[in-house]
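Structure, as structure tokens:
Chains: A, B and C, in written order; residue numbering restarts at 1 for each.
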Amino acid sequence: MNHREPGPSAGQDRVLPIASKPLLSLRQASVQFGAVRALENIDLTLHAGERLALVGANGSGKTTLLRLLHGLVPLSTGERCWDPRSLAGSHPAGSHPIAARPSPRQPTMAMVFQRPFLLNLSVRNNLRIALWLRGVGRAERGLRIRQALTRVGLTALADRPAGVLSGGQQQRLALGIAWAAQPEVLFLDEPTASLDPSAKREVEGLIDELAREGLTVVMTTHNLGQAKRLATRVIYLEAGRLVVDKPVVSFFSEALPFAAEQFLQGELSWN
Amino acid sequence: MELNRTFQPMGARARRASLLAVIGTVIMAGVALLMAPAAHAEDRFIVMASTTSTEQSGLFNHLLPLFKQASGIEVRVVAVGTGQAIDMARRGDADIAFVHDTAAEEKFVAEGFALKRQDVMYNDFVLIGPARDPAGTAGRDVVGALRKLAANGAPFISRGDKSGTHAAELRLWKRAAIDPASFKAGSYRECGCGMGPALNMASATNAYVLADRGTWLAFRNRGDLKILVEGDQSLFNQYGVLVVNPARHPHVKQALAQTFADWIVSPAGQGAIASYQVGGESLFFPNARK
Amino acid sequence: MSTVSESLSLALELIGRADPELTRIAALSLRVSGSACLIGAVVGLALGAWLAVARFPGDRIVVWGLNTLLALPSVVVGLLVYLLLSRAGPLGALGILFTPTAMIVAQSILVVPLIAALSRRLVLTALREGGDQLRSMGAGSGMSAVLLLLHERVGVLTVLLTAFGRAVAEVGAVMVVGGNINGVTRVMTTAIALETSKGDLALALALGFVLLGVVGIINGALAWMQQGVSRSAEVLA
């Protein structure tokens, strides 16, 4: 399978369409777990076609923010809302099919976790159950399973138990499951953090391809090189607060607040 | 990390086939397990509440097949202590009771749970103890023996379970004018158990115990024990049969139960009792009133 | 230990000549305990899965109650069921006292708390790992619990085998509600109790060995079947 490796100049190809519809927004959102304030007064709007990277140190709240956007975590204060008018224009023509079932409310979303959780079943059955959960009918299911297997390059392994796949293959399967749901937004929580370097490249390449097809992507990463390679917009979080929110090129070239700069230096040197 | 698999997993079709086989087996097993044998509603059987000592003597294995042959009725024996057996009959969980506690049986009739009680047979109790007999009880006088036991302080096992045997034992202590509570600590041991376990305990601790001859004859774990006192009139143990009164429990199979009661006191039944022997000895002596 | 060696050879002899009485008793033991486990599985797995995901006022108390019921003595269950099924009791009209059906009822009650408590634990642990992913994929809590039981089917099988062990080895409940009637409700454990109280210790122990042997064969067969169907699942477990 050919993975196109995103190069350092990829940032330039990733230019957003000028009038990009908002998909999800947070207004003064805060999340509190018991005594801990994980997120503080976040204002954020996600636009169609964006590739948003959430970066920050451990405990900065980036994973909580990701889950909040997805809806896995409840708001303590503030607002989370979505704009249904954006559905029609969220995908550039010809690249990604419109969701089979236009959601009446929230945009269709899927998430890939750092350590993929796959059921103790075959690759194919994992896809089947995931699609069944989304209410996809039998014929359509079969079609999407075949497409997903091809898309992520796992057709040869379709009947193997998901547990015997390598780390990279499992993450590809997780991506395939997410993609098969035909989401408008794909959330990724440190998708390559647990993988060895070659698997990392494999999965990053796949994410890049999926994003090029028009999928809106939100991902957390502590790998700034990855943010640079994949994102169109970067948000830096510190102690639950949104400190920097810039397009990727500006983020890595312009001056940043001191702490962010420190973080950048600390992380970048490891890439 | 690449996980290397060196074995060849089964192909998809084979796996599906074996999964179907497993499911099929489970379903068949489930059906077989849950299918009860044909309902017994039409079968002729009665439930008889009797005592553990009677069952353990082996009498029923001898008697009941003969009765089944004669009448076609199956007798299902639930063997518990006398107190529990009478309680079962009182609740209507048994159709007939076959126990050996005349006082309790008469009370049962007086309360209206049975129309009458009938003598069936008797056996006797024996005083069992260690062969070397430290309390010097051997002989034919059981009350005297008990007095010597109390004086000597040798260990004695009591069933303590409100059984017929236990009731007989307590009557004997009363006759001897001895209160078992006055025994030296640890020498009067109430196990709250059946005859067999009590004998086991006596065998293991070389203690004295009052037992019915039937259970003793069938008992295998004797250790050092032997019969020390027998033949005393007060060791007489009378058995009675009571059919539960249908006025109290309408569901009771009165006709079938009465057939058994009639048979056991008839010459055929009495003969069957007399013919039951263990090691050449009769265990029970028929004495139904003519 | 001559009783032990005597019992072992007696056990082998009984099995060797397929003693009909022994076969009948063993078959009834399996039938009663097997049925109880099937019923217990349906009720217990559902209850355990539900308790793992449900949130309602007093859910902690229910879980505490469930865990406490794990220590329920079998003879107590037997007594309760006896009082229920006795002619003098509320369900006496059913007339199932002193039949294998009553024994199945009593043993089912005995194994349900065990299966529920253990499967709840299984689901809770699995939820920690995959709960978010399943929720993200659109599964409600009930569906998540069911999928996780499927995911942990090896663990579920172990739970059911544990329950079966508890059922087939207990004597208190079946003795009280079955009455140990020769040829009708006598099972391995009540037969062992009877032979012990008769003082025939060698036979009692021999029956014990036979019981262990039978359960051992069942465990072995299940393990072999399970290995053939999903080897990799075992590797994952």
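We adopt the following convention: a residue touches a chain if its C-beta (ideal position, glycine included) is under 8 Å from a C-beta of that chain, and two chains touch if they have at least 3 such contacts.
Owing to the predicted nature of the structure, the values given are computational and were not obtained by experimental measurement.
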Per-chain Cα centre nearest the global Cα centre, belonging to chain: C
Most heavily contacting chain pair (counted by C-beta pairs in contact): B-C
Chain B and chain C: spacing of chain centres that average the CA atoms, whole Å: 29
Separation of mean Cα positions, chain C and chain A [Å, integer]: 47
Approximate Å spacing (C-alpha centroids) for the pair chain A, chain B: 75
Set of chain C residues in contact with two or more other chains: 230, 232
Multi-chain contact residues (two or more partners), chain A: 160-161, 164
Chain B: positions in contact with at least two other chains: 9, 15
Touch list for chain C against partner chain A, complex: 129-130, 132-139, 143, 147, 150-154, 230, 232-233, 235-236
Touch list for chain C against partner chain B, complex: 30-31, 34-35, 38, 86-89, 92, 95, 97-101, 179-182, 184, 194, 196-201, 225, 228-232
Residues of chain B that touch chain C when the two form their complex: 7, 9-10, 15, 18-19, 22, 25, 29-30, 33-34, 36, 40, 47, 52, 56, 60-61, 76-80, 90-93, 193-197, 199-200, 203, 218-222, 249, 251
Contacting residues of chain A [partner chain C, same complex]: 67, 70, 72, 109-111, 113, 116-117, 119-121, 129-130, 133-135, 160-161, 163-164, 177, 181, 187
